[in-house]
């Protein structure tokens, strides 16, 4: 709807900003998104300095303090082997965050490459790649990951590979559609008219202009992969004991639900907060990048 | 319309064949020998070798895949390596529970999600909107296995300790009371997702020119929203909810595990643990087929909502 | 002299956003007699659409807000009416035709239903009766009545615009506001639609406000014309008077910008240099003075009043006061 | 003898669609003389933009020849194509999507120079950019602005500066003013005239608006459903149109003259899309003068007077 408010011209007098600065400015105004970003930074710091922050080692057992509720010594209680739940969660943040970033990274690079290829060349290449992606997408993601872990054997590395592969078609689709819509712009034709090569067009025009939606999806996807991965660990198909992966902690806590509620409760809250942080930031980015929401 | 259904069904075939190939290949190259598994570790090597021959395990991969594919047409998915019973029968025993659970969850999700989404979008920037959106965000950020454990903790353990009886049983399947917690646990993330997508879709539609036309006719706001806007807004909701159904199916595996529901998901986890490959293979295929059928249903629903779709398939 | 059907007095409409306040309409006065047709001309951002939406009180709020003024319709101030009363006027007494026929019809309902809805609502009849009326209306705009059960996507752009015209006329409104109804159409299709509008104007005796950026289109269907610039009406009068004897420097520039097909010598166009000011940063005084070739010191200090230079021909410019 | 810069012979471009083969451009012939402006007019979907893109090889032709200075551009290799880019350029319709939103004005105008490595130093490049901005009438303070900060008219000027920076001889102007308001449109039209004088440019001016085309063109070609229906000097096409479609098109323009008493020709129906067109005159369905013969054979463009071409079986 072309109301006149949206066609009002930005005068030259007002401060000039690039799109990136403009996005950042709008993102900064969004309190939720900034909350998410701060949380992510906080979690990253916790993960990096886990050894310094955690009161105990992740596998430090104290048989005199088994299944103790939250107390001054053990803020979030202890588990069935007398290990400090808080310390295990702090050490676990490393695993969960790496899983999130690495799996999303795998999906983004491989899926991005395939999607960009499909979009740029179209025709048969496009058809071949996208039909293959359709096949993978026809198997519910979590179940496909279970199949892959079964084949590879349960371990942290295999978990990341499985969830990463699982993420490929997702990114292939997003990047394909993003590049396709960028390709529709006349500036791509304009670049061709002035004699630009394919590579110039891809790197100077298509990729920079397709990045925004990809960035949003990648942020949101990190949260998703953390949930998927912890779900697999919960089923015993991911990280193996004694690794303090959050899903594995929850799984262990399940057996003691009736006697030690804290064992399952706190790792779940950790997962939720982490995923929430990525979702908040992703949502905020999407809003900041959507010019229609600017009013 | 029939032609459209036929076309869509036919287009499912190559995808499903691709799925069988991928699943078969993954399982084929998985370490471990089905014959040994079937006969047990102590079986004499000669016996195992005879079994391998009988199961066609010595054939080249492509022949084995061909045989597997042919078997599918007779609904023969092989035999379970632990029980020795046909995989098909094993799955059919467990399928109803999974379908019941998923259907209950999706109904809960759509009901809550669409209503909350409409409320949020028509009261943009109010407390309703903010509140609904924050709850929805929590919903999608919450791992459902954790939510499940928390509900058990609350409604089975604490409730029992406080009031002396169990409000919702934490395990088993059969009655509606058994279904309540699992359906909520499985449906929550989906409801949250649908809320978000309904809201953004409604906001998009409410910006459209035809909404302005409707208002300029003097229609009251309720008619504009529930008649003119909602039907258009539902299209992306239906599509996305269909695509996300795969996530719900994945979630059902964990949910069945937590609430000890005798569904396919639990069978899958058991089979993975016991390296029962034929059963794993059959179950994954079944999930893929359910998912594809749901997406077909979604497409048909879409065509029913949007008159423009039918034209494309005339 | 008969009473005015519509009177707009000192209307101000602002869009209030985080980045500032866009003053879209700044004190316009307009009067329209029953059966009269008025063309509202101006460039993008002049405030034409906002003025029109204000009459129906459909300016999107937020960010739009009617700051002050009166809009009297049949002697009653529309800005004082309750929302419920307004709804009885929209689509019934005053209806509107929008610019983009491709997006102005709801894609999921048949065109018959969309017209019938209007009739059923305001004339208190059943949808079925409404469909009958829709059939008549379609035939009035030269679309076979049998097509009431077709969906919008089954019509071409020109046909859809006719459907919208049929819809606007379905309740015999006293006033129709057409917002650039032919801008999105091809020339030959535009000619068809204009022909239909002209024919209908003779038949149904409705008043018309035709918003357009094209002086030629306005000339086709209007008796009077008002020229808008930066949210103000700078010149208004009968078509003949304004087209032959335009006085305001902006109007002169506007006419000088039009490539005239009937002018056999290809003379150079004489547009006003510069751009329309940003509605968020309107200049002091006459909004046109920074671009005006005749600007005087006074122009940057005071806003000119409108002066009658000929019978019902008004100009807002210090050159004539 | 006029100096022919471009000769277009039996140019064809078909697109496969779900409904069948779309004959977007179907046997088009015309030529453009050095230094002149040829106006190419028609309604949406008539194939005028496709023709413009074919001329710069943004699309490859299904059939026919495009000779630029006597050379068939379809035979150009990579190197020749780069050279061609410095001679023939384009100004696009949409001032929004034709500029990369992530590039500043300087980046956009300088891109052709960088791609073609015209200058070694960035200083020289900057000087050239500033020079072009001045020619295109863009204030030098806007050099670091981004497209979203500019209004449509200024954006179009940036697009013009980009097209001119390589000193081309020939410009395809694809509806360059149709997205602009009248006064801005007039400013840009004047700019095109000035630039043509300054740089001795040859234009193919594509538009849907006959009055705009008439204003700038020496000759005009009118397109309908992928074919040229009339092609002659501008005054012939505008004041003595021969083809029934041109007559209708001319009469359909809303006039600003009060004494205009011209009888309107109102065409029936909509512009059909040329998917698998039938072998008859393309205008048959809407023509008010149609006769039996018109549906029996296809009409072709014939020279009925020197320099005057009409595609109508009734005018031969």
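As written, the chain order gives the labels A, B, C and D, with residue 1 at the start of each chain.
By our rule, a contact is a pair of C-beta atoms (placed from the backbone, for glycine too) under 8 Å apart; a residue touches a chain by one contact, two chains touch by 3 or more.
Just so we're clear, the structure is a prediction, and the values are computed from it rather than from any experiment.
Touch-path distance (fewest steps) from chain A to chain B is 1.
Legend note: the chain whose CA centroid lies nearest the centroid of all displayed protein CA atoms is A. Interface comparison, C-D versus B-C: the higher number of contacting C-beta pairs is recorded for C-D. Centre-to-centre separation between chain C and chain D, using Cα means, comes to 32 Å. Averaging C-alpha coordinates per chain places the centre of chain A 50 Å away from that of chain C. Touching two or more other chains at once are residues 44, 275 of chain C. Shown for chain A are the residues in touch with two or more other chains, namely 1, 9-10. Residue positions of chain B with contacts to 2 or more other chains are 208-209, 212.
Per the touch definition, chain B reaches chain C in the complex via residues 208-210, 212-220, 228, 231-232, 305-308, 311. Those residues of chain D that touch chain A in the complex are listed here as 53, 56, 58, 81-82, 84-86, 89-90, 92-94, 97-102, 104, 111-112, 115-116, 139, 141-142, 144-146, 148-149, 151, 159, 162-163, 166. Listing the residues of chain A that touch chain B in their complex gives 1, 131-132, 134-144, 146-151, 153, 223, 227-228, 230-231, 234-237, 247, 250, 253-254, 257-258, 261, 264-265, 267-268, 271-272, 275-276, 279-280, 283, 292.
Those residues of chain C that touch chain D in the shared complex are 43-44, 156-159, 186-192, 194-195, 213-217, 219-220, 239-240, 243-244, 253-262, 264, 266, 268-273, 275. On the side of chain B, the complex with chain A involves touching residues 14-16, 18-19, 21-23, 26-27, 29-31, 137-138, 140-143, 145-147, 149-150, 152-153, 157, 207-209, 212, 245-247, 249-251, 253-254, 257-258, 268-269, 272-273, 275, 277, 280, 284, 287-288, 291-292.
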